[in-house]
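A quick write-up on the structure given underneath.
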Amino acid sequence: MALLETQTVTKKFGGLNALQNVDLKLEKQEIVGLIGPNGSGKTTLINVIAGFYKPDSGRIFFEDREITGLYPHDIAHRGIVRTFQLTRPFGNLTVLENVTIGALLKTRIVEEAEGKALEILRSVDLYEMRNSRSKDLTTGNRKRLELARALAVEPRVLLLDEVLAGLTTSEAQSILSLIDKLRREQGVSFLIVEHIVRAIMTISDRIAVLDAGEKIVEDTPESVAANETVRAIYLGKEHV
Amino acid sequence: MPFPRNLLILTILAAVIPILPLPSYFFHILIMLLLFSYLSTAWTIVSGYAKQISLGHSSFVGLGAYVSTLLLIYFGVTPWFGAVAAIAVSLAVAVLIGFPAFKFGVRGPYFSFATMALAAILESIFISARKITGGSLGISIPYKESWAYFQFSSKIPYYYIALLTWFLAVTLAFSIERNWFGYYLMAIREDEDAAEAVGINVTRSKLIALLLSVGLTAWGGVFYAQYNLYIDPATLFGLPLSFQIATTSTIGNPKRWIGPTIGALVLVPFSEILRVVTGATFGSLSFLLYGALLIIVARFLPNGLHGLMTEKAKQ
Amino acid sequence: MQSELILQVVVNGFLTAGVYMLVAVGLNMIYGVMRVFNYAQGELVMLGMYGAYWISTLFNVNPYLTLPAIVPLLFMVGVGIQRFMVAPLVKRRLPPESHVLTMIGLIFVLQYSAMLVWTSDYRNVVVPIATTSISIPPCQFPIGRLIVFLSSVSIAVLMFFFFKCAKMGKIIRATCQDREAAVYMGINIDRVEAFTFGLGAALAGVAAGLLLPLYYVNPFAGFPFTIISFIIVTLGGLGNFIGAIMGSLIIGMVESVVGTFISPEIASAVAFTIFVLVLILKPSGLFEE
């Protein structure tokens, strides 16, 4: 079985089929990109995997154990951490406090957690801002904080929800380098939801395309880019 | 900063005050001050740190007072042991209400309201059960001075007990602030979903905070009963007490261990002075100004008076 | 005869519901538009009752006739509260605790101002016609409560058409549904909020004028209305107009049935328990929009 696997996951909201029989696999140290038009269910899938929604049918497995229907905090414990599309920092707390809270999952000693947090802040280039109030940060920094906080939890799988949105090209580039580094050096696997198609094409091992809750295609970036159906969905638009 | 020096100095000063030949009334004020600081500090652990705002904390003051008093009157149980039972009962009620509430995501004004409802229900129950509790006329505790029965003729022993329990409460609050649990409560206060996403068991943390708060509060009720020697449902389960506890902490700073104490330092003498000055309309004017003060603090001082003090200190 | 009693109890249930309906609808509206819970709604009723009392004793008129004065007065009080106390909190993006604190402060200010001016003595105005009953066998219809019920229903119907047809009504509904969109559409949110609060207060005023002949007023008489309204609005779904009406009927019926056959205190406990159950099991309310 793959490291993370969803089997025929379905989720309905009232009359709306947000997800229909979605099968997705993520192997160790893999980066899978998840793309699709607005409303295709990408964030819903993240929510379901991370435990914020319970699927109506289907199952989810992580490291060969079933995690369907577990609470988000349990899933985070097991090693799957998600970020939020609209960043959700602990607003009135400082950058350092935010990341420290993430680190406290693995160590109950505040000083140790703070130490870890500082290291992570250095690696994402937020060290200078460590004492700033997180709600005062720019979008770019908020995204980095969101990532840093997730990293502090020591995840084996990171579910990133549009982490590049609102960033400048160079900011996005540095995040992508960071993701690559994490994959290589720490063996973290990624499921990345993105709109910025060009970026995700370059970094992903595989791409899955969702449309109206269904998985249309799952293949290498080149094949997906050439795929007729996918092109039709995107109406041939180019994203920067 | 391992342990606030200010707290130690304050406590030591407070401990030596009784050396001076001060009138009994003065100690009454101090005891009330300590009691309200204590109750508000207990409140703030769940309502300030975790932002589960309880507007019905009088439920537990009342339960504490009534359980220990009823055990004393009917079974001759010393209040020291009665307190244990009182705390146990209060914790049980807190779990009964808190667990389903937190598990099913009852938040914000709904939670506040459920706590108010609890206090109102308890008040009705204790009034209805006239035969046992004396109804709205309350219970007078027969005078029997002794340590075993937690009664003293002088105010000084009460003062020291109040001082000790206040000290323990603020120490607890302080240590929570510094350790991982306090950080988790802060996370919950800011964003519950984000907290879940980083592995915090939000329901359990809220419940622990609630239980700590309730346990402390119940003891406050026992103390009040033994100090006042008279308890009645309207005072003990009533809304004004719940509001007073909540506002005392909020005016000071609900997010820090010293906030409730500062709030009490301002409000308790304030209401006493008003009470003395305005004579006949004793409570009314003080509550009115109280209300005005709340409105002003809410608008201009989101971090309470303590927040104001620390900002001024930074400048 | 058992069936006569049951019928009377049901009738009482409707009449009681009428009393709560006015206050609950006002509260609901305020929440719908501003997402602020007016904890002081009951105090506004209390103020209205004192106002009616004062005017009717001063000028020796029937309390019902004070309505044309009380209602606009309370409207303005509502606008004032919104302008000076609620709006600044929203503008400065202060957290919800500030709202709660402000509301508690307001409650204290209103209650104890009333206490200072009118003391805690219970006041009432005797209106003979209100306490007599019409007899439509097998039930008794106390005229005072009948008036309240009929007025409530009329006003509820009026409000229904107001929301459906009147320009301002539609604007209010739009703002309830999507505040941001309303702003983009050029709706003056400040005006809408002030008007809504005023309207909610005005409804409290109507309730006050109609209730004075029936009840004693004292400074703390308002708070139970707030509590009941909160329960009703939760039952019916926050912001749901029809829900508030249905909720009132449910609670009115519960109070009447339980209050008559068991005891009034248990009736309150039952109402609270229903509240807690709804909160846990169906927090969005029992009725769909």
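By written order: A, B and C. Residues from 1 in each chain.
In this section, a residue touches a chain if its C-beta (ideal position, glycine included) is under 8 Å from a C-beta of that chain, and two chains touch if they have at least 3 such contacts.
Since the structure is predicted, the reported quantities are computational estimates derived from the model, not experimental observations.
Peer 1: Hey, how would you classify the chain contact layout here, line, ring, star, complete or other?
Peer 2: It is a line, because the chains touch in a row without closing up.
Peer 1: Using CA atoms only, can you tell me which chain is the most central one in this structure?
Peer 2: B
Peer 1: So which chain is the furthest away from chain A, centre to centre on CA atoms?
Peer 2: C
Peer 1: How many angstrom lie between the CA centroids of chain B and chain C, rounded to a whole number?
Peer 2: 32
Peer 1: Centroid from C-alpha atoms only, then distance chain A to chain B, rounded to Å. What do you get?
Peer 2: Each chain reduced to its C-alpha mean, chain A and chain B end up 43 Å apart.
Peer 1: Between chain A and chain C, what is the separation of their C-alpha centroids in Å?
Peer 2: It comes to 48 Å between the two C-alpha centres.
Peer 1: Would you tell me which residues of chain B are touching chain C in their complex?
Peer 2: It is residues 51, 53, 55, 97, 100-101, 104-106, 108-110, 112-114, 116-117, 120-121, 124-125, 127-128, 239, 243, 246-247, 250, 254, 281, 283-285, 287-288, 290-295, 297-299, 302 of chain B that touch chain C.
Peer 1: Sort out for me which residues of chain B touch chain A in the complex.
Peer 2: 178-180, 183-184, 186-187, 190-191, 193-202
Peer 1: Along chain A, where are the residues that touch chain B in the complex?
Peer 2: The contact residues of chain A facing chain B are 50-52, 71-73, 76-77, 81-84, 88-93, 97, 100-102, 104-105, 108-110, 113, 149-150, 152-153.
Peer 1: In their shared complex, at which residues does chain C touch chain B?
Peer 2: Chain C reaches chain B through residues 37, 85, 88-89, 92, 94-102, 104-113, 115-116, 223, 227, 230, 234, 263, 265, 268-269, 272, 275-276, 279-281, 283.
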